[in-house]
Amino acid sequence: MTRRSETLFALAGAVLILVLAYAVPWLRFVLTIALAKGLAVLGILLLLRAGQVSFGHALYLALAAYTVAFGAVLVPEALLLLPAAALLAGIVGLLIGLFVVRYREIFFGMLNLALSMVFYSVLEKFYALTHGADGIRLPPVTVLGRPLAGETGEWTVLGIALVLALACGALVRVALASPLGEALAGIKTRETRLDFMGVSPKRVLLAAYVASAVMAGFAGAIIALTTRHVTPALSYWTTSGELVFIAILGGAGSVLGPFLGAAAYELTRVYAAATFANAWQLVLGLVLLAVIVFAPGGIWGMITSRRRAA
Amino acid sequence: MTALLSAKGLRLAFGGLKAADGIDLDVEAGEFLAIIGPNGAGKTTFINMTTGYLKPQGGTIAFEGKPILGLSPRRIVGLGVARSFQLPQLFTEHTVLQNVALAVAAREGVWSVLTPLLRPRFRDEAAELIARFGLTRITDVRADALNEGARKLVDIAMAVALRPRLLLMDEPTSGVAAAEKMAIVETLVRVLREAGVTAVFVEHDMEVVGRFADRVAVWGQGRIAALGSPSRILNDPEVQRTVIGIAPNGGAHAAA
Amino acid sequence: MAGTGRDGVVTRREALIGAGAAGASLLMPGRSAWAQGAAKPAEIKVGIATYLSGPASVFGVPGRQTAEMLFDEINAAGGIAGVKVRPIFVDEGPGVDHVVGEYRRLVQSEGVHLIFAAISSADCIACAPLSDELKRPTLLWDCGTQRIFEDNRYSYAFRTQANATPEILAALLYLLKVKPDFKSIAVINQDYAWGRDSWDIFRTAMNTLKPGVKVAAELFPRFGATDFSTEITRVLALRPDVVLSTSWGGDLDALIRQASDRKLFERATFVMPLAESSLQRVGKALPAGHIVGARGDHWFLHPSPADPERLKRFSDTYKAKYNAWPIYPCFHMAQAVSAMKAGIEKAVAAKGGGWPTDAELASAFKGLEFPSPTASVRIREDGQGLENQLIGTTLHSDKYPFPVLTDMIVFPAESVTTPVGQKSADWLKTLTPDMVAKLPQAQAFKS
Amino acid sequence: MAWLSENGILVGLALLDGLSYAAAVFMVAVGLNLVFGVLRVLNVAHGSLYAIGGYAAASIGLFAASLGAPPWLGLPILLAAAVLVGVALGPVIERLLLRRMQDREPVLQLLVTFALFMILEDLQKLVWGVQPVVFDAPLKWLGTVDVPFGQDAIPFTAYQLYVLPGVALATLAILACVLRYTLTGRMVVAVTVDREAARAMGIDAARVTMLTFTVGAALAALGGALAAPTVSLVPGVGASTIVLSFAVVATAGLGQIEGAAVAALLIGLGRSFAVYVAPEFEVVVPYAIMVAVLLFRPQGLFGVAETRRI
């Protein structure tokens, strides 16, 4: 698919989100969460390009969400909290990245999982500070000095999420076609060759890893601003699994995939939960299975193959 | 004048097998040096040690007078030593153009994220290089769809794109159809001569060796058994018995 | 989700149609809060957040079953103020962000009139502010944390049961009464907020009422742990007089069985404020003589119910329908349903038969007193419910294949609940030992 | 001195607990590792098989007991139930799902098992409900053993002290012997080491895969069945088991049977000492051990470093 049609598709999607959010008020919340998760999955997509799967990116999600929750006590300004949370996620991503980029495949995935589970335990352990599984409620937050609350607040967060999604999507789109992005894809197929071309695959992967941590950080901050309540469950391994699930559901072929996947995932879950409250997991599992077996390119793959056929 | 590449007393054993047992070799700037010998003699090991993939247990290697022993492959490439592979190492999900362009980009530094890999400068240089190797018609073919001969050439083109001063090639013509072989080697030599690249290549085809090598080194059990001009070496009865004997008609080498 | 076209691939059009059909029911606009008022609804829709997946579904599913049973009963009797009721269940299993989303959907799409939320304290803490934001009356039906009404004030959220403070304090008072001379205690709690919070309450009150008790070990095995042999070995070696565990569900079952297998019950008196919910499952693996609570005055063999017929009907119907005696989440659900009924009827009466707005309904819950299966519960002005607490000692009887309770004490709600405007942590430090002397008489098991 | 002697005995007690815990962990992890070696898929649904094995064993055991079966029959029933689950589910899952996915990307294969996990998790809930299930006849029948502790004696169940470690040791020994000395076992090893080469040598890789997966499934079920007498089976028991087994497998080195034993031992003993020394870190122990091992041995304890072929 050409760059132009992808751009058009993205803009059409953004308009659709706004229309839906206007027409169906309760969807504002769901769509904001979907956009946030899409942002985090965009980072997963970067790592998937290198053939690596992280089962621990919920760590950055939770880290940023807690940063917002704790930071809001000191500085209740969302436009400062958001970049601060993402920055912190990036810094921690750099430190952890220096360690994990030495590993590949299952070891890479498992180390990420282990570290996120350690963080989960820490959140539970420092219970006097974090209230453990009960989580903490965000204090009132402002945007440009105005309180972030009520319907205006919901629109504001949705708007921020949408702008971030478009910006990060465009940036990742450009970066993937750049030498660095193509070298990243080279890690998947022939990592050693990169070394023999004078390029350090570890550093290339580290760059992608830090970027993915930053995007997961944005996602976590938006989730915190939307749900207004953060719990350690954000860093549990199933949350990380969910991100990978969304990546495959949406399709790894385009930066639109994560957002399509996240929207489909959230809506399927809400719909399944509303229809089969005690078997929604089963429905999600069947959907995932069907996508993998019949449409390995994910939703994005379905759309493009249809276009090609037409 | 010092040699471009100078190896002294290289030793490396895998268990009981001595892959390098005191190798001394100087490669002069501008020459084409062929390495021949039976399988298991340690020819590829020499390339692997020179390019930093294997670390010798003893000895020294210097490139342009600077010791390179213990440096990573990445650092050695940075100094101007590139290599190609016996089994082509291509980015299988990329096209030929992207593969070569990525090598061009690697030379220039890959740390730009806002401009595409196939920016005009990289694309033109890669396309030109591909044309010189006579591969223009497969420019946009994905690397995993190529035949062995084409893969081999793309593999070498990627090494050449790094603009090395020394190029080490591991069996550049194995797998290439016999009918095309000479033409391809002609191209290769022309390209390398134009670029002023010194070359060391492992080769089993004595016709290729005879036609293109300035010097020939014969490997045997981790040592250099003989070293000299092609005419002298290829006519040496001992070499004929041990090396050429097991590579009849040049090319398809029997199992050792 | 969508039909499959040729080649087994979902075509775009089909996918869109499928998604559209699937989405249609969800895209229905919700009932807006202000447009509603005098008009009597066709039915009263109640959103109920409960655990339908994960370990806490051992409470969530009985809660759901009770709701279904009682909603049917109400409808069979003509509904509330002539209007039928319909429950809409949502699963707490996926976590807070899911529940918060579902809360909005229930209000803005389903247009529910009331919400029952939730079992998890985290979900309650997140939903209570939403109730004010979306102005929908919300009954907190089962969560334990005392923080909700001590840290904040809400106009639309009410709790139809007690909270952790009275539930744990009652167990401690009972222990002080029946085993006043214990010297040391060990705790084995689940490693999450409830396990930590409940130990904090217990320890604070214990240090006030009986200073100098030695805490032999504080063990917090992982939530969902299945193997407690290390913890049990340690406690066996330390020989404390009392072992406290506020664990529940599979964790508590496993702990009781493993402690029983290794004779720990013979060496120490166990205090288990939530064990009423495990009695029927662990059966006589749990020996006689240990202290058991039920998070309220719930027990299907309650010694002094206000309305014995009501309790018997509730317990027998549940038993006949689901083949088990009701456990505390069933009672908590019954209280929420009863509060809903009483609240709506009060609001309708206040309007002289007209239908109340959301705000009018919410204000009806303030100060509401409604019957529970065993007694009655009053909602204080801060929204907190005042519920009695029943604690007893296990006894093996031939009539039941599991331990029953004897020497039961029913603690009056006012005596064990933190007063309005005070924080539990502070209030517990003001307790005086004479409160143990003033406890009501224990009542024995009557077969 | 008195402190030392008393604590010396405590260490002994911790050893006993750690050993039985390690045995339980090993039973789950060994099957996972075996399957990983041959299929190169980290089977997330392994946890579900564990849960189903436990539930099935408990159901069959309780049913047999209701028919008046003597308590000594409990142990054989556990074994039989495990084999039944393995034979019933293993080949079906392998043939219907995993075989179709063989040539797909590893992440897709992993997600297929994740989808399966979600489906089985709900199915298990629909079949066995949410109330904890237990079958402790074998444990009761075997009784307790008093371990001296100073003047005191600490009762341990014979089941925990003898049966769990015994079965684990037997499993280890049988697996090691089969893999080393039988033709089938060697074929399994050959496929583990190099699938293509094994195929070239004429080994029926498809059959080996099916066989291995069935054995792996039976081992998972056996792990669950052995847990049924002590553990209360509840929804979610599979999920917490699988993360722990992942940690064991990564620590062990992929495909390494002996490695799984050593890693399980490390984690079991580590956990039980943590309960004595620093109970608040008990939860983090498996991950800490895994990170520490991978720091010094990137391929796991017994993993063979794969030389990148060039």
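Chains: A, B, C and D, in written order; residue numbering restarts at 1 for each.
Basically, a residue touches a chain if its C-beta (ideal position, glycine included) is under 8 Å from a C-beta of that chain, and two chains touch if they have at least 3 such contacts.
Here the structure is a predicted model, which means the values were calculated and not measured.
**Q** Determine the set of chains touching chain C that also touch chain D.
**A** Expected: A.
**Q** Report which of A-B and A-C is connected by more C-beta pairs in contact.
**A** A-C
**Q** Of all chains present, which has the mean Cα position farthest from that of chain B?
**A** Farthest from chain B by mean C-alpha position: C.
**Q** Going by C-alpha centres, which chain would you call the most central?
**A** The most central chain here turns out to be A.
**Q** When the centre of a chain is set as the mean of its C-alpha atoms, what distance in Å lies between chain B and chain C?
**A** That pair's centroid distance is 74 Å.
**Q** Could you put a whole-Å number on the gap between the CA centroids of chain A and chain B?
**A** Averaging C-alpha atoms per chain gives centres 44 Å apart.
**Q** Measure off the straight-line distance from the CA centroid of chain A to the CA centroid of chain C, and report it in whole Å.
**A** The mean C-alpha positions of chain A and chain C differ by 35 Å.
**Q** As a quick test, compute the distance in whole Å between the mean CA positions of chain B and chain D.
**A** Each chain's C-alpha centroid was found; their separation is 49 Å.
**Q** Going by the touch rule set out above, which residues of chain D reach two or more other chains?
**A** Those would be 121-122, 125, 280, 283, 310.
**Q** Where in chain B do residues touch two or more of the other chains?
**A** 89
**Q** Residue numbers in chain C touching 2 or more other chains?
**A** Those would be 53, 61, 191.
**Q** Hey, which residues of chain C end up touching chain A in the complex?
**A** 1, 4, 8-12, 15, 19, 22-23, 25-27, 29-30, 52-53, 61, 89-91, 94-98, 100-102, 104-105, 107-109, 120-122, 125-126, 129, 133, 145, 147, 191-194, 196-197, 223
**Q** Show which residues of chain B lie in contact with chain A when the two form their complex.
**A** Those in contact with chain A are residues 51, 72-74, 77-78, 82-83, 89-94, 98, 102-103, 105-107, 110-118, 122, 158-159, 162.
**Q** Show me the residue ranges of chain A that touch chain B in the complex, using the header's touch definition.
**A** These residues of chain A touch chain B: 174-175, 177-183, 185-186, 188-190, 192-200, 204.
**Q** Can you tell me which positions in chain C touch chain D when the two form their complex?
**A** 53-55, 57-58, 60-61, 191, 217-222, 224, 226-227, 229-231, 233-234, 236-237, 239, 249-251, 253-254, 257-258, 261-263, 281, 285, 324
**Q** Quick check on the complex: what are the chain A residues that touch chain C?
**A** Counting only chain A, the residues touching chain C are 23-27, 29-30, 33, 124, 127, 131-135, 137, 149-150, 223, 226-231, 233-234, 239, 266-271, 273-274, 277-278, 280-281, 287, 290, 294-295, 299, 302-303, 305-306.
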